[in-house]
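Here is the structure we will look at.
Chain naming follows the written order as A, B, C, D, E, F, G and H, and within any one chain the residues start at number 1.
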Amino acid sequence: MTRTDLERLFEEVRAGRAPAAEAAAQVERALRAAPFEDLGFARLDTHRQVRQGFPEVILGTGKTPAHIAAIAERIVAHGHALLVTRAAPEAVDAVRQKVPGVQYHEAARAITLRQGDIAPGVGTVLVVCAGTSDLPVAEEAAVTAELMGNTVDRLNDVGVAGLHRLLAEQSRLHAARVIIVVAGMEGALPSVVAGLVRAPVIAVPTSVGYGASFGGIAALLGMLNSCANGVSVVNIDNGFGAACVASAITHG
Amino acid sequence: MTRTDLERLFEEVRAGRAPAAEAAAQVERALRAAPFEDLGFARLDTHRQVRQGFPEVILGTGKTPAHIAAIAERIVAHGHALLVTRAAPEAVDAVRQKVPGVQYHEAARAITLRQGDIAPGVGTVLVVCAGTSDLPVAEEAAVTAELMGNTVDRLNDVGVAGLHRLLAEQSRLHAARVIIVVAGMEGALPSVVAGLVRAPVIAVPTSVGYGASFGGIAALLGMLNSCANGVSVVNIDNGFGAACVASAITHG
Amino acid sequence: MTRTDLERLFEEVRAGRAPAAEAAAQVERALRAAPFEDLGFARLDTHRQVRQGFPEVILGTGKTPAHIAAIAERIVAHGHALLVTRAAPEAVDAVRQKVPGVQYHEAARAITLRQGDIAPGVGTVLVVCAGTSDLPVAEEAAVTAELMGNTVDRLNDVGVAGLHRLLAEQSRLHAARVIIVVAGMEGALPSVVAGLVRAPVIAVPTSVGYGASFGGIAALLGMLNSCANGVSVVNIDNGFGAACVASAITHG
Amino acid sequence: MTRTDLERLFEEVRAGRAPAAEAAAQVERALRAAPFEDLGFARLDTHRQVRQGFPEVILGTGKTPAHIAAIAERIVAHGHALLVTRAAPEAVDAVRQKVPGVQYHEAARAITLRQGDIAPGVGTVLVVCAGTSDLPVAEEAAVTAELMGNTVDRLNDVGVAGLHRLLAEQSRLHAARVIIVVAGMEGALPSVVAGLVRAPVIAVPTSVGYGASFGGIAALLGMLNSCANGVSVVNIDNGFGAACVASAITHG
Amino acid sequence: MTRTDLERLFEEVRAGRAPAAEAAAQVERALRAAPFEDLGFARLDTHRQVRQGFPEVILGTGKTPAHIAAIAERIVAHGHALLVTRAAPEAVDAVRQKVPGVQYHEAARAITLRQGDIAPGVGTVLVVCAGTSDLPVAEEAAVTAELMGNTVDRLNDVGVAGLHRLLAEQSRLHAARVIIVVAGMEGALPSVVAGLVRAPVIAVPTSVGYGASFGGIAALLGMLNSCANGVSVVNIDNGFGAACVASAITHG
Amino acid sequence: MTRTDLERLFEEVRAGRAPAAEAAAQVERALRAAPFEDLGFARLDTHRQVRQGFPEVILGTGKTPAHIAAIAERIVAHGHALLVTRAAPEAVDAVRQKVPGVQYHEAARAITLRQGDIAPGVGTVLVVCAGTSDLPVAEEAAVTAELMGNTVDRLNDVGVAGLHRLLAEQSRLHAARVIIVVAGMEGALPSVVAGLVRAPVIAVPTSVGYGASFGGIAALLGMLNSCANGVSVVNIDNGFGAACVASAITHG
Amino acid sequence: MTRTDLERLFEEVRAGRAPAAEAAAQVERALRAAPFEDLGFARLDTHRQVRQGFPEVILGTGKTPAHIAAIAERIVAHGHALLVTRAAPEAVDAVRQKVPGVQYHEAARAITLRQGDIAPGVGTVLVVCAGTSDLPVAEEAAVTAELMGNTVDRLNDVGVAGLHRLLAEQSRLHAARVIIVVAGMEGALPSVVAGLVRAPVIAVPTSVGYGASFGGIAALLGMLNSCANGVSVVNIDNGFGAACVASAITHG
Amino acid sequence: MTRTDLERLFEEVRAGRAPAAEAAAQVERALRAAPFEDLGFARLDTHRQVRQGFPEVILGTGKTPAHIAAIAERIVAHGHALLVTRAAPEAVDAVRQKVPGVQYHEAARAITLRQGDIAPGVGTVLVVCAGTSDLPVAEEAAVTAELMGNTVDRLNDVGVAGLHRLLAEQSRLHAARVIIVVAGMEGALPSVVAGLVRAPVIAVPTSVGYGASFGGIAALLGMLNSCANGVSVVNIDNGFGAACVASAITHG
């Protein structure tokens, strides 16, 4: 309810076209207005597309397939794009029964449906991946960024143990508006990449590794302590989160 | 054995109605009296209902179904209410064979039998839940609080990523005598809730999340460091414990 | 701005006693109203006394003496009670120059000024302290609770290594509305106390100890894992926070 | 040495204007060319301004004042802007003797000298600060961002314990191209801010807090686990790093 | 080779009954003597019974059933008592095929065969167990202590949440030569027991608990920080190790 | 109040020599009897000498010199032996003013006064020390054990980097009733010692080391995971605690 | 492209035998030359044999069997030796279908194919193993070292609990050029071995143990804090990595 | 006592030139012979030069200046080279009074005296240092390696943020027999170096950094998880240890 709305309402009251009590109640309702849909077990934030440019996304882990499908159905019913991350096979089946047209990206473990108005991002999002084992996280980032309206480029298996593989692709590094770097083990790749470019680097530690990698802690700490400038970090294995940040940058 | 009991006993001895040696032995027994029932593998604390207003509760994890059922049978035989938390399906079957009338709350993973004198609590216990994945813990809190004689209100999926969902329900927040806030991931919801109300807030971190949530450590630390006043914290996923604290408040 | 306020305003407009544009502006201002005072480096939450029954409190650590004194002066100027916790000697001097009448509680490291309307709490807050070294934290809790309008009882040095010292005071334990238990090292005292009483127990781990106490982590974990019911926990050394929770309970 | 350079060189050789051996040596030198200046104890990366748009910055901790001053002198001699972060008072004195015109930002603990070509950033960098104790880190971010050519807005002491202080400034939040959110303790503020805006949010955990804040770990984990989209994180107390990321975004 | 042996040998040489070279070789062999049996994948320490009063024990986890059975067979062939701890069902089967007469203690997950000379311990080893879920560890301690020649008393489910269950058995506590206290969760029981008795207390933390028990870390830290005197600690779930210490005390 | 006391009292009442009401009151008082002395800030456990064979000991850290001296004075006034551990120089001065005859052990940082009945321990307590830097902790153990009535032998600087230094002293190892092994860094010495002897080994990790020793955690974990039998562990740097356990063993 | 190559090229141009533009392009291509093979999901570092003396090795965990087999096929096609570590049974099947002649080492969980030029190492690599449960890691080290051209000696089950088993083999210890010591639990063996020899010791902590071994952390920390000289450490369970270091030493 | 010694002794006895009892005692003494010097507070390992090629070294931290000087004096008296690491200024003074000719290396915080037979190492030890703040640790490594007879090359400030600084020195990297890489923060440099060379790389994490570097843990974990082959790791800040390993390699 904008100031214009309020002025018009007061004018109506002043002109006698609207009773004061009713107008007061209308303003009160607006103050209380809840731009969400209550499903009982969930409150779908239907306002998020307006507020942030992309609708609410469903994190697949920790929810029952029935809950996932029910929320997915409501998102689609509102005409919004659908993204379910970390979707188990049973969740895919459950969603397909409610929303037949969805696409499943196996490597990224993501369910998508492209619909609604998604503004195109400015510039390329480059997803760089240190090793073959990091691919699921990199693909989650790439699929998310594409669905959010971005042009995505991929650069796989360019870890620092064979640095020439990365140095051979410097032109693609320089061409990107923002770079997502996905790496496990010691997580050194974001530092090396950020030392070469001007673009912001979003580092995604992965849980790839064993022993003292501690499920991704080693990579996470490495990235947080990067000696190169322009690196920020998201949660371990959070390809989705990195794409959100990248897309916020390309939609600035 | 109260002072009155003791005076009466001494009077009996003085009057020659009771021999001194027997009286001495009676006092000694009272000093040693063990208000528990020894099942060999367990010592059922039969005194707890008197001492704390609610009988001993069975934590289902780490015990065999046979042990759980045997303890449950004895609690019920004493005429007390029954609560088994974190009950696996096999435990439910085993308890049902010994105590046919129990109820199983699937979302809360709890077995209950309502009997005995449970004093009603004063005021409402509001259980606030940040996300759909936190529901099992929230339900454990709600079912426990109800069995302990409380009026319970529930508010689900009001996490801080869409703050208007919470702000729309401020009247229910203000109406509560005590608020249990259940949240995983960064665990920010208790701080936000406690900043809005006067009632004590009991924060329950959940193990919902991945990567650097470290099984609930992130949420736990967030809640312990809350910048808002009136927040205290229980163990990760401990919906039961939060309800105990809430019920101790409503029964003060 | 309540519904009554709004109805009156609309009535004024309808009756021609107030121009519509001005009324609309007034509502807009109310929507934007900021019940805080902007000091540049700080935004004093002047609304907190209304919202939570006690004004904003100043945590002394991490702020310069000048900042502390400036905020203190404004709180007092609003007619509110003053509490500065963890106040270093230089902070005490700085505050005294701005607010001459304050009291300094050395053991508790707290500055207080008692003024304004503080509602009395119902029932006694009992502060139980495991060892002599835990006294500063216990005193912070006691001083805070007193300033917030509570009757406070103290029970010192009753750690579990000599259990009879605690058992001798069971009547005081049973008489309390809420019990704050302050303990370092293994932090076992809250479990023992909570096993004896019905009242809610707020456990405060302290950093007292050495080696594997890890600055209070041992006590904190012990308290979070209490096998007794009715225990909730606040941050390490957070006597202030425990008193806030206790006072929210006695003011319910 | 670009392809054009190479073609011209070969043309020179072909035309007999340059001997082949000398040309070969010239190419070899270019391949080996080291765009740095070797100070013995340090290798100044003189190429960084070209590569990343801003010259090398000196982290003040862990270096002797003499080393800091020597590096600073060489950076300034190359005509580059100077930034020394976390500068102790002795470092300030040492630098001033070598580079008289520098400015010292006490709150930010930073030494700066504005010179050379710094491209202006597009849009505003908003630095949001949760509490007064977080100011040094927020100021480090703000001073850095300004030196890097950005328009900077500041919003101080808007922590979640009094949410209305933040909600009153939503228009400034919406106006920013990128938002740096600085918070200690539970670190909940970035989640709340990111839930309200579209712009990317760079979260900076601070070591403000005590006990279970563990020197900023609680805030760090909270931010990494943010349930809101668009949040990425830098190291604890790393205001400088956040500004680098922000500036990379505004210079895209 | 004792001094007596050496004197006799030199006397033989002196008397001409043994050649000097052969005697020298004999001494050299003794110096190199290896009192173990090499099985290729293992070196059975056949000297341990002599050195420490009990033969080598097999830790069942991490070894293949075939390896366990092969080592067990050789221990028994040397006439020593057999103890396999943490034996999986397949290991039990494999051992039974090689050593038919063994006994399997299901609650303790231990395989035993009683043979050879085991000296009886002096005094009673009391195994105290906090909760029903801690029984497997307590039984491992009890079975081990019994096999090592000790009189064992057991006291189960006497956790601090119902302190009267423990206080009722003080005479058994006072009667013990050494007390093993097994507890999970907050691990407070050893402190309480040690505060009541003179005997040394060996504390065994268990992995019983959830959330912030961190697989027994909470109990371990609690026990290491015990404020009561006379407590020492073994590894989490290490009932076997506690029994070894207890038996070393009773065999002193 | 023993059964004999009770029988005598009842006989007095029966014989008319004592009024019943007074006798009842006397029993009630005994039930409430507090064998401690309340100093306000401390409750001196005067019953500990009876219960555990040695009076209460004062841990010097975390207490003010005045508090330490006041408690020390009362312990000595009860005719008990005095031990203050981790005593800072100011504490020594304060205690000396109240209890002139005390002895200060500088290497052990302990204050002692030998008086009262201390039963002699059976057998030798051997204190083995890995390196020169571990001496303060080893001396704390030795001084404590001596004051508790034990014969103490010391073996210094026999760490595993030069194993022959330890192997040269096997006869002293075998002669001990109980061995305290003090070691920092990797804490391997207790395993090696325990592999050579039958006596129980009490391992004391020290905070000696740097980097990944993490203030003694490396040594602590090493000792808890000892592959040798008969090892139990006390807190980091807790020489006093090790001596308590050792003395409980020699006084069994 | 060496300086000689460059001189020859320039000479060709100067002599008119090669056009300048073509020569320039040739140099540019060399600068960009990528000595790797791009498989899309992986970039095989075909240059590694030249650079480091052994081709790229495949870490079996985290990759699909199809990916492993595809990379293996390409390595073999280049004429290089093949090593796949941590190969699951399905990976073995998949590789066998593409590269029939491979050998599977079950205890080491490694797939190998011996081909190409592998230079022999100078001196023996001795692999010492503390316990039977550590064998898989020790075998991974031994198999890797053998494939890399080394003479390997093995010494199993010589943990410090029975030190004479190790001391009996001192001649084999002294004969080695480099010693790999594999140990779990407290990880004390590398310190003891390094105290006896001159050769460099590469310590491999294993995840063997339970409770406070924390998956190998105890052993890792013990090894990092070794008081003996000449010890360096690789990741937990990283037998492969230890062999790489050993082989770099024997190929120096 | 070698076999030759033994044969000669037996021959003496056989020939009647030596009494058997005396010979037996002589052998016994040899078996007990302690190749160390007992200083009471320390046991100087005088055998270490023979066993490991370099005498015992004094770690300066945790020892009193008097202890350090006394040990230093005895080492020098044995004719051995002297090395004291982490020497505080007072220790330098104390040592100089006992051993006048020592040299103090300020940057390395090391005291040295070059004497005795130190065999020269084969090949160069290259010490690579990531940043200026890492210099003290790098210098400790370099000074140690030089004293142990090695040719040392130094390469400073070549961290990965400006990769060209390192790539410009590849010939020095390839020329080394062994490379010590010293780095703090994310510790990525050893991975990058090891990817370029064949020589073994000894990684030294430093405590340089702040926040989530956790005193060097981030660098340590990064190095342990290196994706490049040939990297082993020593303790945080342990330049001395790295030099020991390097010297063991060059003296193989």
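Methods note: a residue touches a chain if its C-beta (ideal position, glycine included) is under 8 Å from a C-beta of that chain, and two chains touch if they have at least 3 such contacts.
Not measured: the values here are computed from a predicted model.
Among the remaining chains, those touching chain B and also chain C are A, D, E, F.
Counting every residue number used by either copy at the chain A-chain B contact, under half are found in both chains. Seen from the Cα centre of chain A, the chain whose own Cα centre is farthest off is F. Ranked by distance of CA centroids from chain D, the top chain is E. One finds 39 Å separating the Cα centroids of chain D and chain H.
Centroids built from CA atoms put chain D at 26 Å from chain A. The mean-CA centres of chain A and chain E are about 55 angstrom from one another, to the nearest whole unit. Residue numbers of chain A whose C-beta contacts span two or more other chains: 161-162, 196, 211-213, 217, 220, 224-225, 229, 235-236.
Which chains touch which is summed up as A-B, A-C, A-D, A-G, A-H, B-C, B-D, B-E, B-F, C-D, C-E, C-F, D-G, D-H, E-F, E-G, E-H, F-G, F-H, G-H. Only residues 3, 6-7, 9-11, 13-14, 16, 20-21, 23-25, 27-28, 31 of chain C touch chain A when the two sit together in their complex. Residue ranges of chain H in contact with chain G, taken from their complex: 51-54, 57, 123, 177-178, 196-200, 202, 220, 224-225, 229-236, 241-242, 244-245, 248-249, 251-252. Residue ranges of chain F in contact with chain C, taken from their complex: 32-36, 40-43, 45, 47-48, 56, 59, 61-63, 67, 71, 205, 207, 215-217, 220, 235-238.
Contact residues of chain H toward chain D in the complex are 132-133, 135, 156-158, 161-162, 164-165, 168, 208, 210-213. Residues 130-131, 159-163, 185-188, 191-192, 194-196, 209, 211-214, 217-219, 221-229 of chain H are the ones touching chain A in the complex.
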